[in-house]
Amino acid sequence: MAPAPAAADPVLAASGVSLDLGDTAVLRDIDLVVARGEVVCIVGASGCGKTSLLRLLAGLLHPTAGAISYEGYPVRRPRSDIAFVFQDYGRALLPWRNAAQNVSLALEAIGVPRPARGKRIEELLHKVGLDGHAEKLPRELSGGMQQRLQIARCLAQEPSVLLMDEPFGALDAMTRQALQDETLAIAAASRASIVFVTHDLDEAIYLGDRVLGLAGSPGRIGETVAVHLPRPRDQLTTRENPEFVRLRRALHDFIGTVQSDRHAR
Amino acid sequence: MKAQRRRLGFNWRGLVLPLVFLLSVELIAMASPIERDAFAAPSAVLAAAIRTLHSGAALRATSETLITAGSGLLLGFAIGLIGGIPLGLFRRADQLMMVPLESLRPVPPVALIPLSLLIFGFGYAMEIAVVAFAVIGPIFLMTRSAIRGIEPQLMEVSQALGLGLIARVTKIVLPAILPRIFVAFRIALGIALVVAVTVEITANPLGLGYAMTIAQQSLQPDLMFALLLWIGLTGWSLNALLLRAESRLFGAAA
Amino acid sequence: MSRRERLFWTLASVGLAVLIVMAVAKISEMRLVPPVFLPPPQRIWAALMKGLTTGNLAQMFLATIWHMAIGLSLAACLGVGLGAMIGTSAKARAYLMPTLEFLRPFPSSAIIPVTIAFFGLTETMMLAVIAFGSLWPILMATIHGFVTVEPRLKDVSRALGLSRRSAMMKIALPHAMPDILAGMRIGLVMALVLATVGEMLTGRNGLGQALLLAARSFRTADLYAGIILLGVIGFASMLIFDRVERWLLRWRS
């Protein structure tokens, strides 16, 4: 079993972050700390700013107020040790490069010399279960495989933080479950932290060490639950665990309250 | 990334380049008033434009160009339409005509200028012929693809109603392709004008192209540029007019 | 239509073409149309062969191709280079697009008298006209291609921290390639047209000039032979272009 993450070893933090886009207030007073090796899941209804929060953490957006910091240093632009996995994998892969070349893009970006790339690409494709598909173009791969490829490319950056924006939302249930477990395995092996955005409560509880509920307009962090379920997680037993059910109820109620509040207004 | 900037109503920056350009040309022209055969101050161009419009010369040349372009357009349009409809409707006829038509397609219309000159000599006929040839190809292709693009269910309806060929064409095919044909007409008009002006510059002594050539040869660059702007304006306004008509008549259907 | 049927109709089409040629021969023989306007196909063929072997048609043919090639290469380099820079910079676009949109509707052939005024009836003038006329569609298409880069790929490029140059070469350029090629296709057509016109006006070597000379001395068979050769250039250039395009865009389904 992997050691529990040290609570006092923050890797990525947002303090007092607010975001306005144009005239719309998207996020308000977001405080969040991600510890090394931790899996933090963010749930919320559509439109509450989950994706924007993730983009802020990645350095793709600048906060209107507050600051994002990585290892204590302010994040002003994207860094190679923070990797972003997009939901629309089809559009995030280069259609004119095959699988190996897509992974190579990340290696080129961080400056890995050409002779060293081949071996790394092989290792990464193996890690996500895509060996033998190196020569295939993205359009020749299934949805699940394309997402794996994107993950492989992100892993090529050797990130300490993996930001994942509803990465499995467009996939069928079985593929989703397989990828959930693979993601947990990869994270455990590399000690990377994960910030995982999803609207699926079950997924959030299954994956996370902590689940944050984002709600309202502008979005605020309403509820934070710690998930004390045993690791490694298992699709069958973990989901039947009474603690799992309790957590799901708690979060469901929270989302429900927010929804009815919104409708009442 | 900068915070979202409130967008100004008008893009002032777009005017910078043209204004700077016009101003510098004007200043250079003023600074050295030597007779140039290729260079004209914007003020002189404007003056020449007013002069030639006022004297009627520009309008006469414009009418010549428009008459030839228009006649060639109508001729080519009719032929292209009449040819394109059956070939769009009947796959077999289309395949049959493929070799002869594909052999004609790569020939650039300007290649016909000397031939047309030989047959018709200088004048309207020669230019109309070249314009017509230039327009037939695109119209033909656009008609054919417009017909291929007809909702297949409409064709099934015509079969179910037992319509004869003529009835089918007039009652279903033509109305269905009307918006696309209008667009094709507008595009062909652009082609017709360009080809007409090209023929006039190359060989034929009438119209705006010829007027431009004369202006250049008689070392009147101000008139030459004035005519150039006038040609652009004419083409642009005709296109804008047809666009307006298009949206008026067809709205979103076009 | 099945493959068999398609083959049948294609052969029938070739047959039709042959029939048309034979009909033209007959019409010419019976003097229904004066042979000075429509000589018998045999004479056209003879003129073509003679021109290519002992005459200067081959030279003219190559000269036109040469003019096209030079003008088009210039236009392609400038068009793609400038287009990439303008397409990737919102600032540049704000300053330049209104002017470009203003200049767009002007027919390239109308530039000819202006170019003659500047350069005289020279080779340079002709190449300038060809380059300018071909530049336009390539430039506008390239700008469009770079402007419409998939926003997600822009995110990826930022997230990976790609340098501006890297992002342009590895992401924007391949993504814009279909648009660029579409523009080049139009540029190719323009190059042929303007090369021909340029040769007619300047009297420099080329099929345009050959055609004009043949017309002036009523050597109609030579005239048709020249037209055929221009058609060949048009056909062959399109064929080669299609091949190249298909190879460059082989990653598309």
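Here the chain labels run A, B and C in written order, and each chain numbers its own residues starting at 1.
Definition applied: a contact is a pair of C-beta atoms (placed from the backbone, for glycine too) under 8 Å apart; a residue touches a chain by one contact, two chains touch by 3 or more.
On a predicted model such as this, the values are computed, not experimentally measured, just so you know.
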Per-chain CA centroid nearest to the all-protein CA mean:
C
Of all chains, the one whose CA centroid lies most distant from that of subunit B is A
Gap in Å, rounded to a whole number, between the CA centres of subunit C and subunit B:
18
Subunit A to subunit C, mean C-alpha position gap in Å, rounds to 50
Return the distance between the CA-based centres of subunit A and subunit B, expressed in whole Å.
55
Where on subunit B does subunit C make contact in their complex?
11, 13-18, 37-38, 91-92, 95-100, 103-115, 117-119, 193-194, 197-198, 201-203, 209, 212-213, 215-216, 221, 224-225, 228, 231-232, 235-236, 239
Where on subunit A is subunit C touching in the complex?
58, 60, 77-80, 82-84, 86, 88, 91-92, 94-97, 105-106, 108-110, 137, 139, 157
Using the touch definition from the top, list the residues of subunit C that touch subunit A in their complex.
150, 152-153, 155-156, 158-162, 166, 170-171, 174-175, 177, 251-253
Can you name the residues of subunit C that touch subunit B in the complex?
1, 5-6, 9-10, 12-14, 16-17, 20, 36-37, 94-99, 102, 105-114, 116-118, 189, 192-193, 196-197, 200-201, 207-208, 211-212, 214-215, 218, 220, 223-224, 226-227, 230-235, 238
